[in-house]
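What follows is a group of structures, each given as structure tokens.
Both complexes shown next keep chain A, but they swap its partner, so chain B is in the first and chain C is in the second.
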Partner chain A sequence: MATAPIPGAAPARTSRMNPWVLAGGLAVVVPLLAVLVLNLGRDPRSVRSPLIGRAAPAFSLAPVGGGAPISLESLRGRPAIINFWATWCVPCFEEHAALTAAARTFREVHFLGIVYEDEEATTQAFLAQRGSSYSSLLDPEGRTAIAYGVFGVPETFFIDGAGRIVEKYVGPLDRGTIAALIARAKGGAP
Partner chain B sequence: MIPALGRTLILLALLAASGGALVGFATGARPTAVGWLWARRLAYAFAALMALANLVMEYALLTHDFSVSYVAHVGSRSVPTWVSMVSLWSSLEGSILFWGLVMGVYVAVATWQNRDKHPEYMPYAVGVWLLCGAFFSFLLAGPAQPFSTVPSPPLDGPGPNALLQNHYLMVIHPPFLYSGYVGMTIPFGLACAALLVGRLGHDFIRPLRNFLLLPWIFLTVAIVLGGWWAYEVLGWGGYWAWDPVENASFLPWLTATAALHSALLVERKGVLKGWTVTLVIGTWLLTILGTFMTRSGVFNSVHSFTQSAIGPTILVFLAAALILSVVLLTLRVDSLAPEGTLETGPSRDAVFLVQNLLFVLFTFTVLLGTVFPLVVEAARGVQMSVGRPYFDKMSVPIGVALLFVMGVGPALPWGRATSQQVRSALLPPLLTAAAFAVLGFLLDVRNAWTMLALFFGGFTAHVTVSEFLLPVRQRMRSHGEGFLEAFGQAQRRGQRRFGAYVVHAGALLAIVAIGVSSTMGTSKEIQLRAGESTALGAYTLTFVTAERVSEPHRESIRARMDVSKNGRPLGSLYPRMNQYESQREPIGTPAVRTSLTEDLYLSIHNIDPDSGTVGLLVLVNPMVGWIWIATAIMALGGLVALVPSWRGARVAVTETAPVAGASPEGSH
Partner chain C sequence: MNRVALALVLVAAPSLAAAQASRATAGGIEAPRSHPLSGAELDARTSDIGALLRCPVCQGLSVADSPSSMARNMKAEVREKLAAGYDQEQILASFERSYGEFVRLDPPMRGVNWLVWLAPLAGLAAGGAAVAWALKRSSRNAGAAEATGPASAASDLPSRDTLPADPRLAAAVRRSRELAYGWPGGIPPKPRSSAS
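And now, the complex of A and B:
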């Protein structure tokens, strides 16, 4: 107790500065801030899904606007990015441009969209209006979304060349994050 | 149009707050009447602008104006009107806007109440409040803008977080929580003002304590409402999980409770001024830490706003606030000279000190457990969770110890007690304590800590009731009044004291109820087909059928469970699974049958109406209802203590004649 900083009990005006308060305060404040700052660097949207490290669930889905179904199998050998999205989701608008640009830049990576809980007509109109550089697939009963454990859109999965999920990202992506996660998906290839 | 109007109001609020903060500090340093007038005007302007901005947002939400970014994020045409209204605080940007409204109301009230009082302190206090107001306005103007324009607005939005739509408690929990959280800014500003002036006079401890008590009442209710919500909605059968966000609301409550008590020592003895000011400042800092925790995404929690980019901004504010607070305390705390000495022998004074240290120990324990996973992750890169075992192990002894000092403190007299006084104060309550313990044993309590909680609960109940009645008995004896008249008189003359003991009664009931409910419950998990029955304790449950229920914003499947107790039918319970439009995972709503002795709690794990099966978690939780009742008692006690000091601030001096040896107003 003798050293505990209970300042009110100290004799008045012995000094202008109370070193005990300073030492005690800094002893609490500095480590606390250090921990918070260190953890701020971590991206909370990079979610540790139980699927990470496992083989990505297979699918074979028809693209928006018609055409032959695209399967996960057919993407083997190159990293892939699978983005679950919907036209009713505002963050999906935000990331759509970044994904479209990235798909043009990273030609060695497959980009795929999977439409989550949406109508084909509205999706088609959206893509016609905003343009896209990669296919979006229809998931009529949401089976694929369930298999991937999608909780809300946008969610994006990064898959390596061997078909394993390397990363799950919740929330809108920007170009920097896409590039960083692609690098990881490439590193994860066998 | 609406987005531009909203943004303009926010910018004006930012201007008013930053200008007012400057004027406040300048006037504090060099008092002038015109400076104080303008500090006040700008404080009122800030409040009015925040209120208007909130009105504009409500208008946009109700008219489904999807050109406003916040409405596009959380609005939906398919939700009921009440959901649209409360969407204001359902997501990050709106919640900060709402924060601004609450802040504005507090600042306006506190400024108005003290407009012609404490002239040397108040400009500084207004300066500090508006500095905080300026920071939150800045968040709304930049990093967390709710009024951005959506260039091509969608036709419909996703609707707010489904958890918000799932239960009415989620509608009232956030306003209470914000009123508690934001309100702590007011005592913080007053404490900073005391440090800046270099004095904490007897007159100024009163507004400090009252403005601490008001948000304390809100925070108490909010914490328990959050627990109640978890209990009624999340379906795991408990009310408290030591989740980081729950802890974030609990931490400032602990320090605020400690400060409310040490403020009494400041008031009565003129000691512990610096300590009290430190606790008040710490309380506010913990609310900002909590804000950071819920909005940075650094902590994972069912309650947090995870999609947020304002973490770094709040962290900078938190860091600046922490460092400035330490510097301010270091430089100025010694100027708050004590006017008396603290009794350290056996006395109420000493127990107050022990109680304060216990609360601070509790705060550090919870804080450590909350940030420890972050330490591990930073050091080793492993995600881990400290979880309940640590918190339970640490908090149970501290809780029981607090229960004990809550009995011992009020039993002892102020100043040093003789050993004769100590004996006569502490021995009689031991009888009630023993009675409680024996009663518990007869009702099958075998857990040692629960037993101890009952024992100290009995002790404290005895002391609380006799302290409660002490002035009544004295009046009956000295004035020859009947019980009711004496009660009324004593209550009027010592309303703060009465309120405090009502709070104590609620707190002791809450601790005992928590102890009993967390150790004496029974549960089972079971899979049933239609027509099958199961039994737990005295209850028999029959699964009658699974039904589909359709509402505009959700589809539900509910199980009809017929319940009987000891063969007597009690009607049906309907636990349900809800499917919201915007969410893939269904959300369950448990069915709870509450009675004064125990709750029957049914939660669905899985349900299939086609094959007619249901998977159920069934719990019998004793005394849970008493936690909610105890909280209501605590809040009521707080109000009883608050109202007279509020009203009586002007006439207080006339009524200080003590009643025949009893401590008058404010003996505890």
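And now, the complex of A and C:
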């Protein structure tokens, strides 16, 4: 392009990247991308329970329908499964059948339900209708649920014979998972 | 001597706090460290501590702000513990034992959490340094431009007398400068004070 020279015209600007800007940008973007990629498959709501490997929090709660309170202490010596559930929780329905069947199969394991934010009458009606092979306990002020770090229902804790929490399972259990986790609770017993 | 002691305390404080926190997390029930509260003070402290606890069943709400029954139960437990004489750290640690650090809305300064507190300051310092460096460089370039004349300015940035290469565009820019700044012919006046 032949044009008359213009006094003060800027020289043609070449697009060159300042290496420091590039390095700074990468230093910010790469770690963020790494965190994103590493956590893509992770459910943001599932926080690993700090109770795993620790002694299960003690409780002493009255069963649904009345009777003497059942304490964690009284379950010592055998593995225990503690299932937090509610009648308003649909996944708990499916799980209830699997747990009831498993409690009949695994006689050497204590099965316990703890009712989470539900009425005693509703729970009693549910259990009368569907049947159960193990006790469900009432936790009227939710203290036991809080002590176990329950976020929602269903959540199930697998406890070994020494009273240590071996695993926490979030979501509805099926028979295969119950059997596998019982094996771990037994393996964890001293 | 005093300064050395102060420096030692400052260096040791985070690790001491971490040790204390891990002891609190590892241990079982400890003795209350504060005095039992009641009345208006109990109400006020309950909502203070509730504001520091995350409601586990909500989306980013504190226990003090949430109307859920879970949050109500947690508030009741906070209240009971305050009435029994437990202090704030003991109460937060007791919830942390069940829910993990997730339950704290105000992460304690320990371990990797230091990053959360220090990263903004580090970012601010780095940004300040970058701005200072850029300002220094541009003022050096401006000085060089004044010393050697506008035509050989080394700066990448267009100066006030830079014109585009396109003659028609250059003419338009000159005309705009004439209108905007009152420069005859759009040519900037010579600097009044010279660097040399």
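Everything below uses one rule, namely that the second predicted complex is superposed on the first by the 142 of 190 C-alpha atoms of A that agree within 3 Å, B and C clash if a C-alpha of one lies under 4 Å from a C-alpha of the other, contacts with A are read in each partner's own complex, and residues count from 1 in each chain.
Note that in this section a residue touches a chain if its C-beta (ideal position, glycine included) is under 8 Å from a C-beta of that chain, and two chains touch if they have at least 3 such contacts.
Note that this is a predicted model, so its numbers are computed, not measured.
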Touched partner set for A:51, first chain B, second chain C, both or neither: second
Partner chain in contact with A:141 - chain B first, chain C second, else both or neither: second
Partner chain(s) touched by A:29 [first = chain B, second = chain C, both, neither]: first
Touched chain A residues, chain B compared with chain C: B
Shared contact residues on chain A - chain B and chain C: 6-10, 12-13, 48, 117, 142, 145-146, 150-152
Chain C - residues contacting chain A, complex: 25, 56-57, 69-70, 73-74, 76-77, 95-100, 102, 126, 130, 150-151, 156, 158, 161-167, 170
Residues of chain A defined as touching chain C within the complex: 3-4, 6-10, 12-13, 24, 47-51, 54, 57, 117, 141-143, 145-152
In the complex with chain B, residue positions of chain A that touch it: 6-10, 12-19, 21-22, 25-26, 29, 32-33, 35-40, 42, 44-45, 48, 87-91, 117, 142, 145-146, 150-152, 170-171
Chain B to chain A touching residues, read off their complex: 69, 72-73, 150, 154, 156-158, 266, 271-276, 278, 289, 292, 296-298, 300, 306-307, 311-312, 315, 318-319, 322-323, 325-326, 329-331, 333-338, 342, 367, 371, 374-375, 377-378, 383, 582-585
